[in-house]
Amino acid sequence: SAPGGGDDEGGGEEGPIKVGVIVPTTGVVAAAGTDMLNGWNLYWEINGNEVAGRTIETIHEDNAGDPTTTLTKARKLVEQDGAAVIVGTLLANTALALAEYLDPLDDVIGLNPAGSADDLSQRGVVDNYVRAGGWQSSSPTHVAGDWAYEQGYRKVITLCQDYAFGHENCGGFTNTFTDRGGEIVQQLWAPLGTPDYSSYLSDIDPASADAAFVLTVGADSGRFVKQWEDFGLKDNLPLIGGETTLEQSLLRAMGDEAVGLQSFGHYAEGREDSATQEFVDEYVDAYDQLPSYYSASTYTAAQWFAETLEAEDGDMSDVPAFLETLKGYQLDNSPFGPMKLDEHGGTIATMYLREVAKDEEGRLYNQVVEEYPEVSQFWNYDPQAFLEQPVYTREYLGEDWPESCDQFASDCPLEGE
Amino acid sequence: MNTLRLVKWASLAAVVGLTVALPYLVSSFYVNMATQMLFFGLFALSINLIAGYGGMVTLGQAGVLGIAGYGLGIFYTSYAVPLGVSALLAIISTILVAAFFGLLLVRASGVYFLMITLAQGMVVWGVAQRLTTLTGGDNGLRGIARPPFAVEYWSYYYFSLAVVAFCVFLIARIVRSPFGLSLKGVREAETRMAPLGYDVKRIKLFAFTISGTFAGVAGLLLAMYNNFFSPPSVYVKASAEGLLMSILGGVGTITGAFVGSGVFVFVTNYVSGYMERWPTLLGLIFVLTILFTPDGVVGAWQRLVWAPLLRRYGAADEAELIEVGVGGGGLLSDRDLKGSKSAIEAGSAAPSEEPSEQVEETRAGS
Amino acid sequence: MDETPSEQSGARPVLRLTGVCRHYGGLRAVSDVSFEVASGERRAVIGPNGAGKTTLFKMISREEPTTKGRVEFLGRDITRMPAYRVAKLGLSRTYQITRVFPALSVLENVVLATQGLRPGRYQMFKAAMSNKALVEDSERAVEQVGLQRVTKTPAAELGHGEQRQLELGIALAQKPRLLLLDEPAAGLSAVERGMMRDLVKDLPDDMTLLLIEHDMELALGLADYVTCLHNGSQVAQGNPEEIKNNERVQDIYLGRGD
Amino acid sequence: MLTVSDLHSGYGLSEVLNGVTLEVPDGKLVALLGRNGMGKTSLCRSIMGLDPPAIRSGTINYNGTKVTNMPPFKIARLGLGYVPQGRHIFGSLTVVENLAMAHRSPAGSSQGEDWDLERVWEMFPRLAERKANVGAQLSGGEQQMLAIGRALMTNPGVLIMDEPSEGLAPVLVDQLGERMQDLKRSSLSMLLVEQNYSLALKLADILYVMENGRVVFAGSPEELDTSEDVKRRYLGVGV
Amino acid sequence: MSGRQFVLLSLNGISFGALLFLLSSGFTLIFGLMRIVNLAHGSFYLLGGYVGLTLMQGGQSFWVAMIGGALAIAILGFVVERGLLLRVRGRTMPEVLLTVGLSLIFADLALARWGGDPILLDRPSQFAGTVELSGVTYPEFRLLVLGLGILLAALMWILQSRTRIGAIIRAGVDDREMVSALGINVNAVFTGVFVFGALLAGMTGVIGGVFLSLYPGADGEILNFALVVVILGGLGDLRGAIVGSLLVGLIDSFGRSLTPSLSYFLLFAPMALILIFRPRGLFGRATVD
């Protein structure tokens, strides 16, 4: 007989619901992880932690940004604390590790607010790990590629961070931009933690291209943006940023060098809609800084979960049913704007063209220049055809794909050429 | 004296009993912690083997562990080789890579050894990050299975226990063997060994390869435990943590490695849930160990608890052996890595004849 | 007078040096030394400080490369052989500056020496100390140098004189064909010196001995034949009497005092 | 004047000096004899404040200052020079650096002239030839010369020498003896540990013999040379 | 490669090298002379930068911040040396491992105090602009770093050749006990060197905060560079630190540009090669260790 002690059940029909939140609050990505934790807590502070008669008990665990630790912590939350819901995590690799753990469990629900790895809603869907307030890396950049062509850019240089997230971002941009007939004239890859971008920047000749698409993350972003100005490129070459190059948690540390730069993302703290602004105001009140998309993501995940639970009358005992409701839920007023999932579990949401501006208090923020509502993770490709392609990697950026118009669901740009 | 023996055997029996019965006593969470303690302990022990016994401190052992972890993942998930065969191939790859690394290390010692191993670890990490098609890059490799008979947490615990126990048995024999003694000889006076008939390079190569093999076994267990393997597991930090574990418990002892891994697993798995500043705690434990019990938890136990007991019950000889620290390795004890402190006491400028020879040899060799 | 005993007897020499040189940059530490040592011979190498005696030993034991010339041991050219293989042919040495294994016990020190020449030295699965023959041989060597009272003491805790004895024990445990002793009596008191002399005297007849020693009473008392080095070159050789009376040797080495 | 009274020191649990009392009067050369392992080096180290051995009880005085349990560098600055057994020269420093780093101007108004490189070269011409070599490359005897030269460079008031003749060629031992006579004339006090009985007898004003951590004989050279019993029992000379 | 690009890459390599020199000169002092592999040197750098940040947030100028960062870390270095390292002095491995433990603690405490956001410090206003150098736009601040590097090299050169300190420290590594028996307070000398190295690290932290930004993990990244510099150049050798820094700076700069896909190995492959063929680095001397 199988040995073992008992779990105490944290889901079910009644009693408190235990929710484990795994985000990094130590280690290299601690800042963004803290934003996530804050966002999550903020929701419950505002709305109270009782939903449909059930108390939500949050247990936070730190994974230090490490995949193996993520597994350890997930085990602890589920097996030791009896968590019925796991929320997290931040980095794509930790999210993938978590997905691996959750996959065989049939009584635990995972909410994925930030792990943006494309495949989590494409080729490697894990049923009980649901994007809630989350996104796909390539969704904003699909828009960006298309937009760049619209702007009249024909030759673009890409500079992306050399790891999966960077590959997916660059892939999204490259795929749609080249579909329209644009040409990537130079591809640069910078490893995570590049101390000095000057080598890459000195490789860029402003005369050879119409614009540059850049995706950096974390501390690299600050260095990049500074040096972009230092080496005289800011005024000579239009920059198309990816979401994380100019997102709020990094803007806090940037100066005038960032003002006026444009980027694409699924979140803009400057969005004027009341849902966003209320969230921003509350957040500023509570934490004295503008919220980043990390904060918004867990806030939204909380909202998503709470509203589903409400709809289910607080009953979580039938996990498949609960999951169905969860996935079918539509948020009309999240800080991101309207948000819902497609049949694969991919987020359908508004993408923004954003521009960094300075508010009266001297804080930098992203204001909205342009909105692209209801962007699917498949852009306007045919989902089936899209899924037959491999995920974007350094080797496959979708440059030569698709070849024909039957691989589009709508608006085939190939016809125009 | 007899009562003491009895106590010793009784406590040993109790430990063995507890170890075997564990899954029937505590919940899966603790059993999983014990499983981690087992393979991290094996990893620490593999470092102990070269650092504690051989005096060659490595900061790249996680890289070697990673060869096995990635090997298993690649063969099993990308090439669909059966699990057992994949594991075997992974271990063979580890042995080959460890031997290759060892070849680059045979002429180095001390700080230089540390540096080269550090570089080797970084190269493995770089490859893991960069060769995305093979290793999955930053995302790592998913879908690594456990053996079909050890899928459950408890059966995997027993599986790990069996594997680790077997490895410990081997290591215990190795350190007492003639080879083990030669290894200590290299630690104590490397240049004295060749004139006694030992091929020092061979000893170092063997030691590094053997230790790498055990690290590889730990790597397999780690990969199967998590069903997953990714670059952080091979990063320098992981190597440093392994070193930390072996020191925490006591360098040059076998139990020490497991005590060390136990403390480590406890802090990272359990304490970290209750204490936000747990990395500080880990660092503090580490610093305090080095300052106050240089021979680790096990050493301190022996000195502070066991030896007085022995003395009290009339086994003064044995007590003195412990107090004096015979054979206790002593990487961290009063002696320096190269034994220069003792050389001072012994009234000898022992190392002073060496360097010119080494330089000469290097020139002749290159 | 230039003929060494082995040349006289015509037997195959245990050790033959032909034009051996060792240069450090401009310094000729050893230059053009040639001699033969016959089996069972006890030869002293003397000379002022820095004459090149220790360097010569290092070349014979292959711890130091030979700049020029040829070293033959038991009829084999060992000029380029690695040190550990030379050791296995039957060559052991002691060091002027003590080099023992500090953290290991006296017995372990000697066991390390004993097992170094046996085939099982890299063997991994039997306990080293459970090999009866090996341990007994080692214990005998420990007794031979008078350290039986401290077999379990770590070498680091021995006094200077005891360490010198251990140094010798390590070499003797290997039962070498050729034993190189580099100032074995340095730092020994008169009593221990006497013991050392007796010990060396009692070494088996077929063990060939090369000895560096500044204690002339001891060196000349033990040796059959003496080679004197100065600034790296051989300046004199002969039997002890001849050397004692050699003016050059008196001049550069012995001094007029005694 | 250096005085040691009722000194007990030991390593770990064992005691190796069991109440040593000894005196080095100004300008005298005191020789300390004894078989191996009797505690001579331990005594020197205790005087220099080097640990181990740890001093358990007793006092050491130099010119009226109690130096027991002072850190070694302070003791040395008071004017105690030390030639350790086993040379302990600095292997990675050149001969010149070894000497230069040790140089210190004499403590207080000193006797004799200041020691400098020239004087050391004069004393050991062989060292002058090896000036630029690092210590590790020297021969055993050369290292010994360097150790002596280095101690002299500190311009000590009392020089403690632990078997300085070890490894020196006979001719050099003679010369060293002569130099020590010179030093004595310049009124430097010396504590000389020796295995070379005749050298000690020739140089010393006062002799001590140690056995198992105790002084078993103290007296003049004549007294020692005539005490056959002491010589035989504790030194093994003349057997 | 165009001429413009070549000039840029060279300038970048050299100025980055200068920054590395500022850091590794202290590291090589501690590592090379005292044989302490101070793996907390990166933490000193990062903490120095953070102290500078706090000062600058308090309205102080860059220069005050730089001096403040340097002094704060000097004090920290003093505490670490006297309080901790002194207890394990002369035992190579405990020394190394102690600094590993400290780096864990420092990193975590820095995170607790300064948070995890990457922060780029402001440049000193006097050097905030750019200059035109043979047709290339180049930030003045980088040239300032280059100047500081040269200044420090000169200073250390004088220090090393005009004083006995260098010899005393090397002697202390060979045989510490003997040095003290010669009347030299070896502990004080060692503490002095350690504190000086820490001071340089703290100062470089503030400069690096402008150059590279401060964030959790910066300690480890910069330490890797310093390690490579010192190993390439040879332990404890000033020339080694200079040449090593320049070499690493240039390899990094040109390497990233020419063979971006190898950038993970850029640092470590040459280091491994050098160690295999010249185990003591380019300028490493045959020392006793």
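Chains here go by letter, A, B, C, D and E, matching the order in which they are written, and residues are numbered from 1 within each.
The definition used in the following text is that contacts are C-beta pairs under 8 Å (C-beta built on N, C-alpha and C of every residue); 3 or more make two chains touch, one makes a residue touch a chain.
For clarity, every value in this text was computed on a predicted model and none was experimentally measured.
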Separation of chain E from chain C in steps, with touching chains one step apart: 2
Label of the chain whose CA centroid is most distant from the centroid of chain C: A
Taking each chain's C-alpha mean as its centre, the one farthest from chain D: A
Separation of chain A from chain B, taking each centre as the mean of its C-alpha atoms, in whole Å: 39
Centre-to-centre distance between chain C and chain A (centres being mean Cα positions), rounded to whole Å: 75
Inter-chain centre distance, chain B versus chain E - centres from mean C-alpha coordinates, in Å: 31
Multi-chain contact residues (two or more partners), chain C: 24, 97-98, 157-158, 160, 187
Multi-chain contact sites of chain A, meaning residues that touch two or more partners: 26, 162, 191
Chain E: positions in contact with at least two other chains: 108, 175, 177-178, 261, 264, 286-288
Chain B residues touching chain A - in the complex, by the definition given at the top: 23-24, 26-29, 31-32, 36, 129-130, 132-133, 137-140, 142-143, 152-154, 222, 226-228, 230, 232-233, 268-270, 272-273, 276, 278-279
Residue ranges of chain E touching chain A (in the complex, touch as defined): 2, 4-5, 8-9, 12, 16, 108, 111, 115-120, 122, 130, 137-139, 211-213, 215-218, 221-222, 225, 252-257, 260-261, 263-264
Chain B-touching residues of chain C, taken from the complex the two chains share: 24, 58, 61, 63-65, 82-84, 87-88, 92-93, 95, 97-105, 108, 111-113, 115-117, 120-129, 131, 152-158, 160, 163, 170, 174, 187
Chain E partner contacts - residues on chain A that touch it in the complex: 26-34, 162, 188-191, 193-196, 198-200, 202-203, 205, 218-219, 221-223, 226, 230-232, 249-250, 252-255
Residue numbers on chain E that touch chain B, as the complex places them: 35, 37, 84, 87-88, 90-94, 96-98, 100-105, 107-109, 112, 175, 177-178, 220, 224, 227, 231, 235, 261, 264-265, 267-269, 271-272, 275-280, 286-289
